[in-house]
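Next up, some structures in structure tokens.
What follows is chain A paired twice: with chain B in the first complex and chain C in the second.
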Partner chain A sequence: MSETLQYIGLGIMSVLNGPELFSIFGIGVPVAIVMLMGGLLTGIAVGATPGLAGPMAMAISLPLLISAFGFTPDALLPVFAFLIGIMKGATLGGAVPAILFNLPGTPDAMMTTLDGHPMAQNGQPKRALRIAQLSSVSGDTFSDIVLFVCAPFLAVIVERYLDLPEKTALLILSISFIAAVMGASVGKGLLSVSLGLIAAFIASGSDLSPRLTMGIPALREGFSLTAAVLGVLIVGEILSTLEELWRNKHALKVKDVENRGAIDGLQRGDIRRIVPYIGRGAVVGTMIGALPGVGSTLAATLSYTLARRRHRAITASEDPQFGTGVPEGIAATEAANSAVSGANLIPVLSLGIPGNAAAVFLILAADSIGGFNPGPAVFTFTENEINPQLVTAFGIFTLMALGNLLNWTVGGSFMRAMGVLAKIPAHYLLPVVLLVAMTAIYFQETSMFAIWTTLGFGVFGFFMRKMQVPVLPFVIAYILAGPIERSAREAFSASGADPWFLFKSPISVAFLVLSLAAPVFLSRGGKKPS
Partner chain B sequence: MRRINQNMALGAVIVALALFALFAWVPNDTVSGFVESKRGRLSIGDAMAPGIAFGLMALSGLILLLEARKGDMPGALEQRTFAFLLVALTACAVSFGVMIWAGPLAVAVFGGEGDTYRNLRDTAPWKHIGFVLGGTGLVTTLIALVEKRVTSNAVMIGLAAALALVGVFDLAFDNLLLPPNGDQ
Partner chain C sequence: MTNIFKPLVAAAALCAAPFSAQAQGWTPPGPITMYIGFAAGGGADTQARLIAQGLEEKFGWTVIPQQAQGNSGLNLAAELADAPADGTAIGMVVSETLTYSALASGDPSVQLDKFTPLATTAQFQMGMVAMDGGDFDSWDKVTAAAEAGTPIRFATASDRQADMAWHLGQKVGIDFNIVEVRGGKGVMDGLRGGDVDIGWVAGAQSKPVQQGEMTNIARGIKTPLADTPDAPVITELGSDYLLDGYFMFIAPGDLDPDAREALGNAIRAVANDSSTDANAMLTKAFGGAAVVTGEDLDIFMEHSVKDAAALIEAVNG
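Coming up: the complex of A and B.
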């Protein structure tokens, strides 16, 4: 227990005692706090802008941050601070255009339009935004607390009970689950996973001569991870949205709400009304968020449906119902979709398995900078010597707690000021974002080949979107391909070249059975939303 | 009906490509096989992981064929999609081409005797010419593509974006090289 408290203290101090950027009245302001604040405000602005999204801002800022802070372990916390700030801010900002203009800034804010926009149309936009902020930050805070408690325990259990074959089987289960739950069909999910694995296996391996290069010299180093991820996730999205706008320029156009003279702002009794709905939404979002690949849209939809049923049961038929602008509807969706973001980091930090796009960029940051490898080994509590990875992990927890504090305080007023961003036409913004993304990738790779590679993966991501093949399983499989192969090679060697090494322990067999069961049983529902 | 056919075609192509890779590409483009023996010890070879991945790809193609037979699946390509992509990619390729060649061309035409772009790639204004022209072109052409006409707004936004990036990154960070100066 004492070493746990010692590590928590070291984690907090690593943030607060980090390098100072400047001082106010003689008190030094650590660079990590400034970066967190910068990321949070950027995230809120990006979330409030239709056509942009948190992962897009994370993708563009990552190469720039790495160029600015370098590849030393000292860069980890400032870079993580900015990325975590974006992640938290974008979740909050996504509600702004959903409420004000019936246009979700982020996909998970879709359900917020159902009651948020009617409330704004009824002349109470500030009330709707305030309820969204309270619910979103409450949900996020709850899931962060679950993350702080669960991630270390899960990691310790994995380290204690799982050996190499079980860890290999667990990684296989994670990509099988992601293939099963994401995308329009299991076939398309599996296709995305297999393509991600194949792309990652090009020019990797243990032989001196790199594999699958087709003799092309440019492929001898393989694809840059950043170029592949940015291309598929960001450039593909930009091309896809531009094509949508090319077909219909007004697809993302906003309409102002009329002010009908109603009393605006939070009303007496609002908080008492929404607290139970926030609580249920936060639990639903956290549970769904802990599963890799299951998005916040599902959490918001499920929470909204449960809340509507509950509301209908306890109110009279003449009372305003869901869909007409009731605070409970906004609270249920915002608490749930925000609770997903913290819980999504449980598999990342404890197992090294990314579950959503934001987690992908955190892993990418750790991978690029070095000195921190998300996975069970992070949570090794040592007595005699300090485990720097564990200090970084508690530093990340500290940053998340501070991010919530900032969201509670300055986040609300900044969020309410961001409504104006929704009016910037997306077809002006997206080409600029493309230029910034390409410039950012060049800063990291210093090669035009990286730009062409990113564009190539962007075209690939564009076609995947058009065919409704989910892109996230591709990226997650790309990241997990190396660890799966490495783990399997080590397990095979350790077993004395036993071809049945994956079937020797009951836990490993259980994971493999679940890997087969996931696509079979999760495909029974037929069509799933992408 | 067209969507079902497209998804069936996708499934068939995926199966065919996966089988080709499994029987032709992987065996011919990996040094070790599925399992290799080194000094009497067996270990997993470099062909194992890609082999399994292409096996999964073939399986996904078969599932797609089955799913397409069962009913309509979302996701389809139209001719207009290809038309958009062709124009957008041409705009990107030309803009990046301008980015690469405008600087060396400017040095060749306006530079002093014996000057090469390689020697001047860290000297203003030469180092900015390619990025500003190419970046402005990229933003302008993509905006014009969506608006279906070239407007002064589009040019101004493109120029402002390129100049802002020069201002923020080239002037603030000594160690960052704007494209294409790292390659020259």
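Coming up: the complex of A and C.
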């Protein structure tokens, strides 16, 4: 126990005692906190801009951050601080255009439009924004606390009870699950995962001559992870949005609201009304977030549906119902979609398995900088010697807690000022984002090959979207391909080259059965595209 | 380089190598790209970056570190072979890259004769490591467990280490389950997690050994290990070969001898100077600087190539 406290202390100190950027009245301001603040404000702005999303901002800023802070372990916390700031800010910011203009800033804010916009139209935009902020930050905070408690325990359990074959089976289960739950159909999910694995197998492996390079010298080190991930996720998205704009010949519709003279701001009794809905939303979001790949849009939809049912049951029929601008509707959605972000880091930190695009970029940052490898080894409480990875993990927890604090305080007033961003036309915005993204990649990789790779993967990502093949399973499989192959190789050789190594323990057999069951039972037959 | 630095370089070169008078005049014709064949942030990478920093501070040269990791250093070798042989491109690898790995890959473009070895910086502190107080914390326990029929999982971080584990096993009659992992850190993570039983580590085990978490049950090098002087050398246990080697800098082949001498001496000056960060790091993590340059280095590399060929022959034949 005292060890845990010691590590918590070290984690907090690693943030507060980090290198100082400047000092105010003789008190040094640590660079990590400045970065967190910068990331948070960027995140809110990005979330409030329709067409941009948190992951996009994380993707573009990552190469720039790495160029600024370098590859030393000292760079880890400031870089993570900025990325976490964006992640937290974007969930908050997404509600702004949803409420003010009926236009979700991020996909998971879709359900916020249902009650947020009517409330704004009724002349209470400030009240709606305030409720969204309270719910979002509460959900996020709850989810973070679950993360702080669960991630270390999960990692310790995995390390104690799972041997190499079981770890391999767990990784197989995770990509199978992601393939099964994402996208229009299981088949397309599996296709996406398979393509990701194939792309990642180029030039990896343990042979002395790199495989599958077709003799192309530039492929000797494989595709750069940054180029592949940014290409598929960001460039592909930009191309596809630009195409949509070009086909529709008009920009996204912005509906403004006029003030009808109602009293704006938080009303007496609002908090008491929304607290139960926040609580339920936070639990739903956290549970869904802990499963890799399911995502915040589902959490928001589920929470909203549950809340509507509950609300209908306990109110009289003449009371305002969901969809007419009731605070409970905003609270249920925003608490749930924000609660996903913290819980999503449980599989990332304890198992190294990313569940959504934001987590992908945190793993990418750790991988690029080095010195921190998300996975069970992070939570090894070593005797005598300090485990620097564990200190970093507690540093990340500290940053998340501080991020919530900032979201509670300055986040609210900043988000209310961001409404103006929704009016930037996407056909001006996106080319600029594309240019900045390509520059950022060149900054990090300093090679034209990386640019071509990014564009190539971008076109690939565009066609995947055209054919409704989900892109995130591709990226997650691309990241997990290395760990899967490595742990399978290690398990195989540790078992004395036993070809049945995956079937020797009940746990690993159970994981494999679940990997087969996931695509079978979660099959949707293309009826309900998500 | 400005004129202010010239006397400094001359002085440093004179202190470091009194017989290198003719090489004093050489200066790099432009910024030096230093390729690093190791993962960013690891011990070897830090070492290389600190040497780069030392070269900049001591000699006023511009050195730009750049990662070129993968395939046991052969990716770096392939990249460096195409770089100009004028002293503006150097790379840090382990001696094993140009000996064992190059031979095993069979690729003619990455063999030793295509490169110019410049200087070593540190020797492997190669130990066979196990958790202290565990079931395998002495060689006797390992052999006893093997006789009792327990499969022993032996972690290795390179093909050469794997071959050496196999060779040793053949000599003593133990069929090890050899598990190739990533770097010495991967070996130690495997030991801590109970995924493997013993493994080779080339120096990173120093801290856990000093703190009593792990122990060296044998050593792969001739000289006793600083942390565990009693650990028996593997040739006493039955191996025909040692598992020794150096971290070292190389340049493309046919480098001008003056440039080779100047670069070698500059690296020596940085690594051996106790006021540099590089020296402090080498002392802390790798048992001190061990610099070999020039003809001595050529002789060592030729020996290593012969040993590597013999090992490959022994394992495959």
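By definition in this document, the second predicted complex is superposed on the first by the 521 of 530 C-alpha atoms of A that agree within 3 Å, B and C clash if a C-alpha of one lies under 4 Å from a C-alpha of the other, contacts with A are read in each partner's own complex, and residues count from 1 in each chain.
Here, a residue touches a chain if its C-beta (ideal position, glycine included) is under 8 Å from a C-beta of that chain, and two chains touch if they have at least 3 such contacts.
Computed from a prediction, not measured in an experiment: that's the story for all the values here.
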> Looking at the combined model built on chain A, do chain B and chain C fit side by side or clash?
Replying inline: fit
>> A:G265 in the overlay: touching chain B, chain C, both, or neither? Say first, second, both or neither.
In response: neither
> Thinking of the overlay built on chain A, is A:T380 touched by chain B (first), by chain C (second), by both, or by neither?
Replying inline: second
>> Per the contact definition in the header, classify A:V436: touching chain B only (first), chain C only (second), both, or neither.
In response: first
> Once the two structures are placed together by chain A, how many degrees is the angle at chain A between chain B and chain C, based on Cα centres and rounded to a multiple of 10?
Replying inline: 70
> More residues of chain A are touched by which partner: chain B or chain C?
Replying inline: B
> Is A:G9 in contact with chain B, with chain C, with both, or with neither (first, second, both, neither)?
Replying inline: neither
>> In the overlaid three-chain picture, which partner chain does A:G323 touch, first (chain B) or second (chain C), both, or neither?
In response: neither
>> Looking at A:R489, would you say it contacts chain B, chain C, both, or neither? Reply first, second, both or neither.
In response: both
> Just chain B (first), just chain C (second), both, or neither: which does A:L164 touch?
Replying inline: second
> After superposition on the shared chain, which partner residues are touched by A:T72: those of chain B (first), chain C (second), both, or neither?
Replying inline: second
> Should A:L208 be classified as contacting the first partner (chain B), the second (chain C), both, or neither?
Replying inline: both
> Quick one: smallest Cα-Cα gap between chain B and chain C in the superposed arrangement, Å?
Replying inline: 5
> Where on chain A do the contacts from chain B and from chain C line up?
Replying inline: 206-209, 489, 493, 497
> Can you name the residues of chain B that touch chain A in the complex?
Replying inline: 6-7, 10-11, 14, 18, 21, 25-26, 29-32, 35, 41-44, 46-50, 52-54, 56-57, 59-64, 66-67, 71, 73-77, 80-81, 84-85, 88-89, 92, 96, 100, 131, 135, 138-140, 142-143, 145-148, 153-154, 157-158, 161-162, 165, 169, 173, 175-180, 182-183
>> Could you list, by residue number, the parts of chain C that touch chain A in their complex?
In response: 39-42, 45, 67-72, 74-75, 78-79, 101, 104-105, 107, 151, 153, 159, 175, 177-182, 189-190, 192-196, 207-208, 211-213
> chain C touches which residues of chain A in the complex?
Replying inline: 71-73, 159, 163-164, 203, 206-210, 217, 220-221, 368-371, 376-377, 380, 382-385, 486, 489-490, 493-497
> Which residues of chain A touch chain B in their complex?
Replying inline: 64, 67-68, 184-188, 190-191, 193-195, 197-198, 201, 205-209, 211-214, 239, 242-243, 245-247, 249, 427-428, 430-432, 434-436, 438-439, 442-443, 446-448, 451-452, 455, 459, 462-463, 466-469, 481, 484-485, 488-489, 492-493, 497, 526-527, 530
